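Quick one: this structure, given as structure tokens, is what I'll be asking you about.
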Amino acid sequence: MTTYIKTIGELPKLKDPIFIEGLPGVGNIGRIAVGYLIEQLKTVKFAELFSDHFMPFVLIHQSSAVHVLKNEFFYWKAEKEGQNDIIFFVGDSQSIDPAGHYEIVEEVLNFIEKLGVKQVVTTAGLSVGEESKDEAVIGVVSDPPLKERYSNLGIDFDSGSKIGTIIGASGLFLGLGRYRGMEGICLLGETSNLPEIPDPKTAENVLKILVKMLNLEINLAELEEKIKEMKKFMKKIESVQTKALAQMFSDQMKQKSGEGEELKYIG
Amino acid sequence: MTTYIKTIGELPKLKDPIFIEGLPGVGNIGRIAVGYLIEQLKTVKFAELFSDHFMPFVLIHQSSAVHVLKNEFFYWKAEKEGQNDIIFFVGDSQSIDPAGHYEIVEEVLNFIEKLGVKQVVTTAGLSVGEESKDEAVIGVVSDPPLKERYSNLGIDFDSGSKIGTIIGASGLFLGLGRYRGMEGICLLGETSNLPEIPDPKTAENVLKILVKMLNLEINLAELEEKIKEMKKFMKKIESVQTKALAQMFSDQMKQKSGEGEELKYIG
Amino acid sequence: MTTYIKTIGELPKLKDPIFIEGLPGVGNIGRIAVGYLIEQLKTVKFAELFSDHFMPFVLIHQSSAVHVLKNEFFYWKAEKEGQNDIIFFVGDSQSIDPAGHYEIVEEVLNFIEKLGVKQVVTTAGLSVGEESKDEAVIGVVSDPPLKERYSNLGIDFDSGSKIGTIIGASGLFLGLGRYRGMEGICLLGETSNLPEIPDPKTAENVLKILVKMLNLEINLAELEEKIKEMKKFMKKIESVQTKALAQMFSDQMKQKSGEGEELKYIG
Amino acid sequence: MTTYIKTIGELPKLKDPIFIEGLPGVGNIGRIAVGYLIEQLKTVKFAELFSDHFMPFVLIHQSSAVHVLKNEFFYWKAEKEGQNDIIFFVGDSQSIDPAGHYEIVEEVLNFIEKLGVKQVVTTAGLSVGEESKDEAVIGVVSDPPLKERYSNLGIDFDSGSKIGTIIGASGLFLGLGRYRGMEGICLLGETSNLPEIPDPKTAENVLKILVKMLNLEINLAELEEKIKEMKKFMKKIESVQTKALAQMFSDQMKQKSGEGEELKYIG
């Protein structure tokens, strides 16, 4: 099956839409920040992405209904001067193997290119250890001149080169999107947490910059509560994912010592 | 070769067939329960599925004939009012790598969609540790309203959310089938055994619910005997599978220390 | 690139050709036995198979010329009554990953089916530990009635079911060929050696049965000498293969501890 | 996405171009030597290769701009009698999995075959341990008669058979190019360094042979300085690559012990 996108109803007609990515990653910064925007704005889900590069399991909801792992596309239409139409891209998982990251990002780029996207904003966390005050949001761009455009938003553009690398979708959307004429910026919220611990404070830092950048009117008061809900769900996926992988691995590799007489290795 | 389905003769013409899956898994619950139904009903094998996501070996039968790993489709036609035509899906193995689970399930969904399937029933075991009395059969559904339809069969619909996840085909048939308009239920028999130990008692619990759900007339007296046969065969596959994987792995990775002078790593 | 077969000149026109496989495996039994037949008969190489499921390296010959890993097809035409045209299939390597075994065998079956093959003979070693006298050649067949046809060649058809499994091409050619109407037999020479030690004595046992089965006139006097040459070459490949895998693995996984300050994991 | 080549502008019209490969590998010998030629000659970049067989991350430049991993094609036109047009092929990375080496090499061979390439020169390092004086450049060829043509360049053609194997692109270009009628030579600079330590001295040895072979006029005075720059960049990629792999691996496999109550393995 590889990777495919299933649209829901008609594709939206959007004017110069900006693409905002918030997939799971370090501290779930991006997932929390972009997830909150999706809830607060009147967004419409219009497509879902499935991939055999996700873990081969379903999650069980409180209602005893299954949930297959997926990524989702939402759109929002500008409501006043100075705003842009937006496509939000969030989801349960990133690829579990290296090649899948490329495949999923290319599939999404094909899709959003047709929808007219020329600007890409990705979000991520940056695990910097205890010295961090969890305040800086570091910016990395597809091309140096872009730093100018985003210069008055409080983004730290001096530390990008210290990072070295961005693993997964947040980096590849910029790196590959660039070859399609898309301008891109990645917002990396510094966190002192371990990568697997969700960090709502850092997510809020990223969220505030997104709000300014996109000229949105968002009430941040409900953030704390929403984060609690999300944390529970994301924790479950992550816990399940690592355990499942460990389980599959040990199942395949372990030797059942008592049953071996009948097997001889033959080539 | 990836994955393909080879039909045997003409495809059957079925009326509203229900799809019943019973692949190997925890305790081989599903394999035993569905295997027994196939033997007791006058079912007809009409297709076989092969995949390079199965282990690359053949089994040797008592007769010295080889057996390539495969999954099999059987059909059964309703004999009286209140019954449905049924497609049974069982086999020797599930995918040995994550992506293969998606590929095989999609291939099967493509196939059964053409045969008119709108209802999917999958079966599995749930390893719950020693506290289990091996009695409950937990139900998980593709959509919450389905719980209503199956409410009078003694299925436990309250514990689904405790499970967290269903790995492999049993979960994906529901999760992906849902997007093709198929309604699905997974029956998970609680077992106190270790996952690799077949559990006939739990299989019987699942079997009894299947019989009621499908309105079948089945003699359960021969179950114990049949289970013995199946256990022997399944044990062999599993033992062979884990050993083979371990062997392949160690063959590839081990260093033959005495032969190394001639090798230098070159890039 | 996956797997492809490159023919050399025109395809041969063969009458009821028998396909004989002798790829590397336990004790290199098959490789030695079939390799000797190819050298002693006036065979003609007519095709080569390349695959990205082989190790990604080239071997260096004594002449400083490179040798890319491949499998090779030779043909031989019957010279007298009671003989068959033959296609020999040998090579440097089998697949290094599970799925590749299926892909390569299917590719070869597609190819030889067009050449009219209806009979398949595969050869392999069977590591049975010290109790072996290195004398028995065990037979496994695609269908039980075939045992009759080969009953007067001294093949042991009673021990097949003890084996449990045949890993790799030798088994899959029978298991998958069966679905194309090909009759198959696998000859497994019992060896007391470790799987990675070539065993010329056992190879000779298999060779003698092949000679009888195919009604050939072969001088076995040069076998010992030929085996020495082959052993050297095969040892080199194997040594290189395991070391290369170990090297690649450790290269990718090792942490270079002194250079890490600039990296932080970002998602 | 697998692997693809993106051309920049019109394809160059070249006369009998020689293909020179210098990808990263042992001691980064080839990368340094060929990189220097590209800088010193007035070469023109005309194509880039992307692959999902590279690590799924982007590097961050000093300027805070992202850099997606790629390989690059440059061309140079002969300026006087006795020179050839040249296609240079360098890059950030080789495949991180075995099959990818084959795929990338075949993709490049398809591309350069159309551009008229009939001669291939690959460069690599050979880690020979402390006994080396870092002076010899060993030659390996696609066919033995080629040694004659290159006999007056100071290449050591006597030690090739001691090497055993060449892993990755440098070997496969010769081994697979041969089947397209391309003549090839691999220049292996002996280094006493560990494989991961760049060795500029050995790179210079290889560079000097390339200059003679291609009849170029190159000022070697700036080599030392250029090497310092390259070393920094390559070190960063390598460090990042090994750490990223280790990180991904440990993320996937680790058990988060405190969060496990809700998971039970289900099949």
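Note that the chains take the letters A, B, C and D in the order they are written out, and that residue 1 is the start of every chain.
The definition used in the following text is that a contact is a pair of C-beta atoms (placed from the backbone, for glycine too) under 8 Å apart; a residue touches a chain by one contact, two chains touch by 3 or more.
Just so you know, these numbers come straight off a predicted model, no measurement behind them.
Between the two copies, chain C and chain D, the Cα superposition rotates by 90°, quoted to the nearest 5.
Each chain's centre was taken as the mean of its CA atoms, and the one lying most distant from chain C is A.
At the interface between chain A and chain D, under half of the residue numbers appear on both sides, which makes the contact a different-residue one. In whole angstrom, the spacing between the mean C-alpha positions of chain B and chain C is 33.
Spacing of chain B relative to chain D, judged by their CA centroids, is 47 angstrom. Along chain C, residues 96, 163-168, 171, 195, 236, 239-240, 244, 247, 262-263, 265 each make contact with two or more other chains. Listing the residues of chain D that touch chain C in their complex gives 95-96, 98-103, 106, 139-144, 147, 157-158, 160-161, 163-168, 171-172, 174-176, 178-179, 184, 186, 195-196, 235-236, 238-247, 249.
Residue ranges of chain B in contact with chain C, taken from their complex: 1, 6, 50-53, 55-68, 96-97, 236, 239-240, 244, 247-248, 251-256, 259-260, 262-263, 265.
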